[in-house]
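Just so it is clear, A, B, C, D, E and F label the chains in written order, and each chain counts residues from 1 on its own.
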Amino acid sequence: MKMVDVGEKPKTGRVAVATALLRMLPDTRERILAGKVEKGDVLAAARLAGIMAAKRTPDFVPLCHPIALSGVEVTLAPEDAGLRVRVQVKTVDRTGVEMEALTAACAAALTVYDMCKSVDRGMVLDAVQLEHKSGGRSGTWQREE
Amino acid sequence: MKMVDVGEKPKTGRVAVATALLRMLPDTRERILAGKVEKGDVLAAARLAGIMAAKRTPDFVPLCHPIALSGVEVTLAPEDAGLRVRVQVKTVDRTGVEMEALTAACAAALTVYDMCKSVDRGMVLDAVQLEHKSGGRSGTWQREE
Amino acid sequence: MKMVDVGEKPKTGRVAVATALLRMLPDTRERILAGKVEKGDVLAAARLAGIMAAKRTPDFVPLCHPIALSGVEVTLAPEDAGLRVRVQVKTVDRTGVEMEALTAACAAALTVYDMCKSVDRGMVLDAVQLEHKSGGRSGTWQREE
Amino acid sequence: MKMVDVGEKPKTGRVAVATALLRMLPDTRERILAGKVEKGDVLAAARLAGIMAAKRTPDFVPLCHPIALSGVEVTLAPEDAGLRVRVQVKTVDRTGVEMEALTAACAAALTVYDMCKSVDRGMVLDAVQLEHKSGGRSGTWQREE
Amino acid sequence: MKMVDVGEKPKTGRVAVATALLRMLPDTRERILAGKVEKGDVLAAARLAGIMAAKRTPDFVPLCHPIALSGVEVTLAPEDAGLRVRVQVKTVDRTGVEMEALTAACAAALTVYDMCKSVDRGMVLDAVQLEHKSGGRSGTWQREE
Amino acid sequence: MKMVDVGEKPKTGRVAVATALLRMLPDTRERILAGKVEKGDVLAAARLAGIMAAKRTPDFVPLCHPIALSGVEVTLAPEDAGLRVRVQVKTVDRTGVEMEALTAACAAALTVYDMCKSVDRGMVLDAVQLEHKSGGRSGTWQREE
């Protein structure tokens, strides 16, 4: 087990985008969008949780390098099935930010779950996946349709 | 936004079980099971990451209460589609451990992703879901088939 | 230097309330209230930051005991001089939650500062103070007018 | 809500200085200066708490970038009204260290409060404010008298 | 790998004592005792680091349960060979505090090393060991001479 | 007390190697090597704990600078007296990684202790020491035999 040495790699601009779908009852989605969840503003809390989790990724994923994130953006958009989370993370560093984007997507979705679980315990988090990465030696990767 | 007051609730034994499915290429699954992943023992790392993440849940999910976990167990089992993560968390406290179980399941799966992403960047984390909870005022909940 | 032993003290219900005043330009306050700050919803972020900081207090104040918070509530209200932060923390434990309430008040106010500093770097955080505590051997304390 | 992207900004030397005034009873100040506080050396604990908190700022202020602090210095000086905390933080990075300096000032002051609260619960933290910042695109800012 | 379930065990008063010996050059020890180390008060920093590390033990030792420490005390005493660290940790909980005491002893000793390494890089940390534990099902254990 | 300013130092490649010896009963060592410890795979857990602790060093050693580790490798090898831990940490930064290597060595060894303490509470951690450092203004240092 080791955290592989990236010291020889150059610092380059890198981007990663991850998405996830939190499936829920239509009524739960409507409550969230209408701001009627008793615990407070679910979308604001989810976005903030995603940003904070991106910064904590090296504590959460054991072999992740600690890196200086230059930007994080989390959005949540309604779909028929529930809420789609999208996270974009940027850095200028020696290693990519895929894990930061995926971790943030999970944290944002779980925060929604936490705030709404008393009314919809059956919500399911699906399709947590990398959509895109660019920068670094391995270059650009884009999920195919 | 508030962390709701649970001070009036009694401390009772509580259990939560969450599962998740990390979909991957068959070849990736075989490498993991054969212990041939360059970064080290994936299953051991994932189990440990899950346990540690369960303890960090209140940092990860903003409105979660800090609670004294009495036990955490993480297992990973191969399926045709990839690896199924199963987490059981127990406590004797005033609030449930659903979020701890779900957070641990995400951390275990993302750790697998991290250790294998150089060979299979397209892995997808699906079906992160609560299976069972018991204890506390709201009683037992069991996911239906 | 020591973290004093509280093992002999009984677990009792405890409450602490702290307040603080973040002084700012009237225009800054209006932007916040109108939701026109570029970085996002300031009040939601501040409330969440306060709640999360309350949970992290033992990392922040070295001799604080780690305790199981049962509830945290953070509110921000406009005044002529800026925004008044009010935090209420509850627990059922062996030691009080004054430090958690004060730490949360600072975190909430600093989060406002952070999100608005590009337009009002001169904001001042004043009057961070305990208003009330109850529970425990030392009983109730109330700040006099 | 987003952590704004600073990846295009150059890494430059940056300094921030923040101060705060912890108001207390004269007797409390004398006990601290005489080293007669039961919990231990208050000034040493406060300085260390400030340094450690500066490093934890991104956990405490949600939208703060994680940055590599190059130096932190915390001093506490007696005044008629109590103790004045002064923090200087330096970095060579893409974003400033104002939040780190302000966070450290709060942590140092709250540590004093914590160690002395059994004898002076009415202490008030006032005038937590940025005094100076330099470096970066927005240049030097100096609080006016 | 699992964090074993302790939910069935009763909460009882528990104590653990650990010690360690940081071997150093006599001149280094004298500088420390005379308060002449450039980075500041070494003994105060070491005591505080030990206390804070005790609280962070579950982050540091993966299978440790998070427990509510009721008291921590760290002392450092000079010996011919260097400095002897002694840590006592107390709790009223379902599991023991041996790991907390050992972790705190390491943190206190490493803090001394850190502050003095520029003048004595060869310092060696020896004899980190449990001296005593009491409470809980396994009862009292005392290191034999 | 201060975290000394390293902003003027250039970023250079740096390596540190630390070792430690966890003394134990021969039977304990054999159980570990045979994978017969009830709590799980001790060597995997110890390696992972070491890597994660290296990343947390600035939280553990108060005056340590937060730095971007580029690689961490932890090995454990059996000896007559027990297990020898060896940690190598690399960075490209303004300050060395000696403390990260020493902290990781302690965490790895304490994790072994934790997982085996029910059968061998008398284990002793000895000879936690820096073996080698290179890079930076103070150049190479090598422990003499």
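Criterion: a residue touches a chain if its C-beta (ideal position, glycine included) is under 8 Å from a C-beta of that chain, and two chains touch if they have at least 3 such contacts.
Computed from a prediction, not measured in an experiment: that's the story for all the values here.
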If each hop has to land on a touching chain, what is the smallest number of hops from subunit B to subunit F? 1
Partner chains shared by subunit E and subunit F (touch criterion as defined above): B, D
If I average the CA coordinates per chain, which chain comes out farthest from subunit C? F
If you tally C-beta contacts across A-C and across D-F, the winner is D-F
Could you check if the interface between copies subunit A and subunit F is built from the same residues on both sides, meaning over half shared, or from different ones? different
Among the chain pairs E-F, B-F or A-F, which one reproduces the interface of D-E, with more than half of its contact pairs identical by residue number? B-F
Centre to centre, by mean C-alpha position, how many angstrom separate subunit C and subunit E? 32
Specify, in ascending order, the residues of subunit B that touch 2 or more different other chains. 1-2, 4, 40-41, 44-45, 47-49, 52, 56, 59, 62-63, 68
Please give all chain pairs that are in touch with each other. A-B, A-C, A-D, A-F, B-C, B-E, B-F, C-D, C-E, D-E, D-F, E-F
List of subunit B residues in touch with subunit A within their complex: 1-2, 4, 20, 39-41, 44-45, 48-49, 52-53, 56, 59-64, 98-99, 102-103, 106-107, 110-111, 113-115, 117-118, 121-130, 133, 138, 141, 143
Which residues of subunit D touch subunit E in their complex? 40-41, 44-45, 47-49, 52
Using the touch definition from the top, list the residues of subunit C that touch subunit E in their complex. 1-7, 58-59, 62-63, 65-68, 93-94
Quick one: in the complex, what on subunit D touches subunit F? 13, 44, 47-48, 51-52, 54-56, 66, 68-74, 90-92
